[in-house]
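Presented below is the structure to which this report refers.
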Amino acid sequence: MDFYRSHWVLTFLVFAPLIGAVVALVLPAARARWVALWTGVIELLVATPLFWTFEPVGAAMQNEVALPWIPNWGIYYRLGLDGISLFMVLLTALLLPLMVLGSWTYIKDRERVFYAMLLALTTGVMGVFVALDMFLFYVFWEMMLIPMYFLIGVWGGKDRIYAAVKFFLYTAAGSLLMLVGILYLFSRYQALTGESSFAYGDFLSLPLTSGEQAWLFAAFAIAFAIKVPVFPLHTWLPAAHVQAPTAGSVILAGVLLKMGTYGFLRFALPLFPGAASADTTVLLFMVLGLIGIIYTAMVAAVQPNAKRLVAYTSVAHLGFAVLGIFALNVQGIQGALILMIAHGVSTPMLFFLLGMLYERTHSYEIEDFGGLAASIPIFALMLVFAALASIGLPGTGGFVSEFLVLIGTFRVQPWIAFIAASGVIFAAFYMLPMVQRTVFNSLTRPANRAIPDLCGREIALLVPLVAIILWLGIYPRPILERMEPSVGRLIERVETSRFVSTPGEAVVASSASSSDEGIRE
Amino acid sequence: MLSQILFYFFAGVAIVSALMTVTRRNPVASALWLVGTFFALAAIYTLLGAFFIGIIQILVYAGAIMVLFLFVIMLLNLGNDFEPDFRGTVWKVMAAGSALVLLALLVRVVGGTESLLVATGGVDLVAAQVAEYGVVGAIGVPMFLDYVVPLQVTGLLLLVAVVGAVVLAKRDV
Amino acid sequence: MILRVQQTAETVVAEAQAGAFEPILLGLIVLLPLIGFAINGVAAILAARTAERRRWSSSSHHGGSEGEADEYSNETHSVMDAEPTGVVPWTHRLPSLVAPGVMLLAFALAVANLFGMMGVELEEPIVRTYWSWIPVGELQVEAALQLDQLSLLMTLVVTGVGALIHLFSVGYMSHDPGYPRYMAYLNLFVFFMLVLVLGASFPVMFVGWEGVGLCSYLLIGFWFSEKANADAGKKAFIVNRIGDFGFLIAMLLIFVDLGALGYVEVFERAPQLDYAGPVVTAICLFLFLGAVGKSAQIPLYVWLPDAMAGPTPVSALIHAATMVTAGVYLVVRASTLFAMAPAASLLVALVGAVTALFAATIGLKQWDIKKVLAYSTISQLGFMFAAVGMGAYVAGVFHLMTHAFFKACLFLGSGAVIHALHEAMHATHSHADAQDMRNMGGLRRYLPITFATMAIATLAIAGVAPFAGFFSKDEIVGAAWIGSAGELPLSQASLFGVGGGTWMGMIAILLSIAAFLTAFYMGRLMLYTFFGPNRTGEAERQHLHEVGWTMSVPLIVLAVMSTIGGFFNVDSLVPIVNLFSPFAFGGDAALHNWLHPVIIGAEEVWASNTAAIPEVHHASWPILLAILVGVAGLVLAAVVLKPQLLGTPEETPAYEGNLEKVLYNKWYVDELYQRIVVRPVWGLSRAFYSVVDRGTIDGIIDGVLGRGAMLLGLSAGRVQTGQVNTYAFIIIVGVIVVLGSIVVM
Amino acid sequence: MLPLNAALFLSAILFAIGTAGVVVRRNAIILFMCIELMLNAANLAFVALSPYAGIDGQVIVFFVIAVAAAEAAVGLAIIIAVFRHAESVDIRNFSLLRW
């Protein structure tokens, strides 16, 4: 049982997909998808017990390890798991087999390379969530880029090259800034203590002046803001989603975007708490998040292409996550984390459905659909459910997360929360017309009349997602409990090292200040 | 005092013939002016006390390399009906300008060294070695002792050059 | 099953004497409809599966049949055409048993609890916590249900009227191919309504709040193959969402200012806020915005008339009896907060009164029988909001209850009429509009029971003496007159600088006119539908016959409730009303005493914050005025309107003269919204996409950076001329630069 | 002894003339001559400094001469090869190696 105490579970989770990728490449094409499926299933079976073996009590990292990798530069193979990264690992492990199932009949050429890329991508993503050595983190961060580039570039839609290159350049540019930040930290640490190390723990203990913190925070924040994506840097996402194959869109929306918010919570906030909690930063990111919510919701409404519409909605959703993170209180951050999971389940469901629809109608344009409920009722049922989960109907994960984020934001910036709450209306404004034009209305196209409904495989693929969405909405308590200590530690760190210069946080409704002190236990 | 006068004389010859090499349109003329430069340089070498190098300069440079040049010019019959191969006036101005700037910089850089070297008091280092091993020995001993590796490499280089030249110039039969 | 319920009732009553009251199977009441939904849902999926498999088998024979696929369109109402074998499949028979059965069980449990609670004087509400829903820091939201007098009353209304409507739906919808799906949605709706009503905290109520919004979206757009129906459903959901936005903001304010969201804690800590202060007023205004969205008051009422696109029982259940009353329930539940914010309460009353009148005027000139009833519902809701706005919370709840009875009866009656007409038109394949009154006329000869029940309900809604409407509506109008005389706590408050009393005077007048118009348009509806010559056409007339028992029984029960409903709250103090006090159920002003513990919080707030009111004396003239207004409306309709002159839609135009034109076109409010809200938002969205997203952001990234890099590359390339001199020159420049930097250092 | 600076100035001048020649002339042969000139300027500098910096200067001169010879040989071979193909030694015929 100590397998789950030690770091071996994490090492297995990170490198099993890579081994699967190699095997998939070697075996003949027909075998590739089965190898990928088995790897995914094993990955999921190994990962699920983590949910129970993870003690929610301690706030410190669990399953830690620190093996020398390149000792003379102080680069160690350092892994660790805590409340924030646990659910991201589980989400990735869940999505892998589903993605393989989703692209069972979708991918017809070069299956071997496709599944190898998919598995390599999972290794990269899993590595990002568990790495505690900044160098190792950066390696995995870059490693994730290449397979994703090929996924979009090779198996994508019409102008996939444009989308793939744009995706690559955006993320790479951001990560270069982050690299500069990491190296600067490394040099400061070396100058201060003499020996060299990239450990996350060491950088945490590094005293930085406010100027340094500001610049370093900016470097990290831009890299993560591109990934989230935050408002002005978001235009790569719709392009990438429209061109990506189903599995590409699912992993992109399900997990890759969360690397941005995870990055903020793991690196940007704790490493540079002073800069992160400065009023200007908080206000800037909250306003950007707010624009992200309202603006992209409105833009989403007018999209002719269903996938592009869903892509813009995920920008809107993650706008909420940004709000939650920079509310810097327990409700806000827990809301952001729940949103990362809820969005990581509801949006992939939408993309799977659109993928299935594409396999039947060979189009993502909304006007090619219409009245599909008459011909494929089960699909219609699933699409309506996924749309409602995405809108954040109470009883689904979406509501719990948006509610927590709004409460968190309201305590810090009432006006921003007020406008953000109108995002609830815009959510209905962009999702319902799409659902109606796709599933309801009269069945005009004769071609749509004869398309087959969802088969067993497809339903088996969607049922776990539906279950998790409902579980998140109805009984999120076990998840919230497991996150509480880590989030508490993060907030406590940000609060204690707030700059003396800024006179405390923004004016919170006066009468609430009494209740605030109580919260900050 | 005589040597200084001779030095300036030969320096003047060298500069004029260098300028003529560059400016003559006829390749043969410029080749011959180049030979003139080499002779002036050889004289300056001897004035500076490097008699062996002066001799070698004439023997190898003027004798061998320039002959090779002239031979090639004759082989390719470039001596006559050559059209002016100067580039546009823009390039002329740019070339002259960059040359002057380069000159100014070199002079500026080089100018300061004498005071530095004199300070190190190494004026008659060479004279001592020449006295001990003789003119040729003074160069021969360090070449075969300290610089034996570069020597071998240079030998190899020359071999490669010869083989290369033969292969390149040979008519593909 | 019924026996067991009786036993539990006796034990409970016995136990009640002992003072302790334990709610019976509270969780089960809520769970029953959910179980119903699950069963019907599975039936619906299997029905869809079999239909699709048959379509594949049949279509694979002769390449897809046209008729099959539009089985979902509402023209072919009957599953018979789609069902070649003639026998009704089990997936269609099962819901007929499960759906009403589940509702009856829930109603029985509610009644059991009623008996239990009647005996004991329950001061504190009973809260049952099932699990901790969102435990984050100081925010501890429990998934808990709360049982007190108000929530029990609402449960009774929801399950009672709901059960009747489910029974009615069995007759009305059983031939529809999507019948199991319909029953599943209906059960799901009742589940969410019960969660809304029995929730113990604002977030749990919000779950029900949006859940009923979802179900009304699904049910309005039930015949989704028609674009108009799907649009109506979408419109309902989005407008409801605007209301839910208000509710959400209110919850945020409550949590940030009071630190909790459960009712008990919130109403305990409410006095901490300063009386009539900005915070509590903001909370109440946003709560009211939520109520306006859900209960279709000005300005967010536009979705209700369009919601008539759904099946008629849906209109009866959702858009008359239960969902739309959620707003009133919210205000009564948060009465302590509203008492703390007099300005907000007065605004609620004012909006209610204006909506009552405004909707009544539109109702005058509608030809679609369901549209008339829809605007009547909006108007009656206006009455309820006026009541609760003025602080007469019990009057509001009383009218809510009676309205549930007679409006459900009216809607189901109109459903029966439409169903009969449909059957007739279906037989003769005529495509006339089965809902247009101009196609009806003289139906009392063909649909006697429906006519009788609707007549009773019309008298009730008009406020004619013994019927329910008389007691409840006139109590509201009475309260308005009393308030204008300054004898209500809120008459001392002021809104926009005008005193509460004067506002209530205006409200009284508005309500009286609205009452008169209500009587008039209800009279008009009855006249055109049931009196005068029959205009449905020769061939169809033979096929006109009374509807089956499953549809008539609910009508009769509701008609009976409309008659006796008024006697639940006979106030002996009021002069004319006290004539009926001997017949009152449960003693004098039974409902007032029953609900008193719920509104104690509000009364304490008034006691501590407003001047004591001397003795409230009830004059008799308001009641006389009310009776006069009701009767006058009906008589005027009978006199003025000539049903025999009315022709079919082709003959009589929809309106003559521009006043009627304005009324028929609903004061052009929809068009106004379209122009000032919907179109600008779409325009802005398109502008955002094309100008900002494509234009500037992508323009900068792709254009400036992308193309800029390309151009830079090209121009740099030109330097490579291939000639050695150029390269030599570049090298020299390099040398110069290096030497230069050395010299400069 | 001879003024050191003068010799160094002379080598600078010769070097500058050589560069000017390389940039201006189009004839390959003359180009090579200018390069030889520049090499000689360098040799002069070596020799001028050798009394101060030691005999190594003069040893290096020999290597420079050797390199120059090798370079001249290969260069001229290339010129012959190109000439055979393009009938002229103008370096514009050598301009294929570009983007």
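A few points about this structure:
Letters are used for the chains, namely A, B, C and D, taken in the order the chains are written, and counting of residues starts over at 1 for each.
The rule is simple: a residue touches a chain if its C-beta (ideal position, glycine included) is under 8 Å from a C-beta of that chain, and two chains touch if they have at least 3 such contacts.
The model shown is predicted, which means the values in this text are computed figures rather than measured ones.
Between C-D and B-C, more contacting C-beta pairs join the chains of C-D. Chain C and chain D have CA centres that are 97 Å apart. Distance between chain centres (mean CA atoms), chain B to chain C: 103 Å. For the pair chain A and chain D, the distance between C-alpha centroids works out to 64 Å. Chain B and chain D have Cα centroids separated by 7 Å.
Residue numbers of chain C whose C-beta contacts span two or more other chains: 725, 729, 732. Listed for chain D are residues 19, 23-26, each touching two or more other chains.
Remark: the chains found to touch one another pair up as A-C, B-C, B-D, C-D. Chain B makes touch with chain C in their complex at residues 87, 91, 94-95, 98, 101-102, 105-106, 108-109. In the complex of the two chains, the chain A residues touching chain C come out as 166, 232, 234-235, 295, 298-299, 301-303, 329-331, 334-335, 371, 373-378, 381, 384, 388, 393-395, 399-400, 403-404, 406-407, 410-411, 414, 417-418, 421-422, 424-425, 427-429, 432-433, 436, 439-443, 446, 449-450, 452-453, 474-477, 480-481, 484, 508-509, 511-512, 515, 518-519. The touching residues of chain C, when paired with chain B in their complex, are 725, 729, 732-733, 735-736, 739-740, 742-743. Contact residues on chain D toward chain C in their complex (touch as defined above): 19, 22-26, 31, 91-92, 94-99. On chain D, the positions that touch chain B within their shared complex are 1-10, 12-21, 23-27, 29-30, 32-34, 36-37, 40, 43-45, 47-56, 58-59, 61-63, 65-74, 76-81, 83-84, 89-90.
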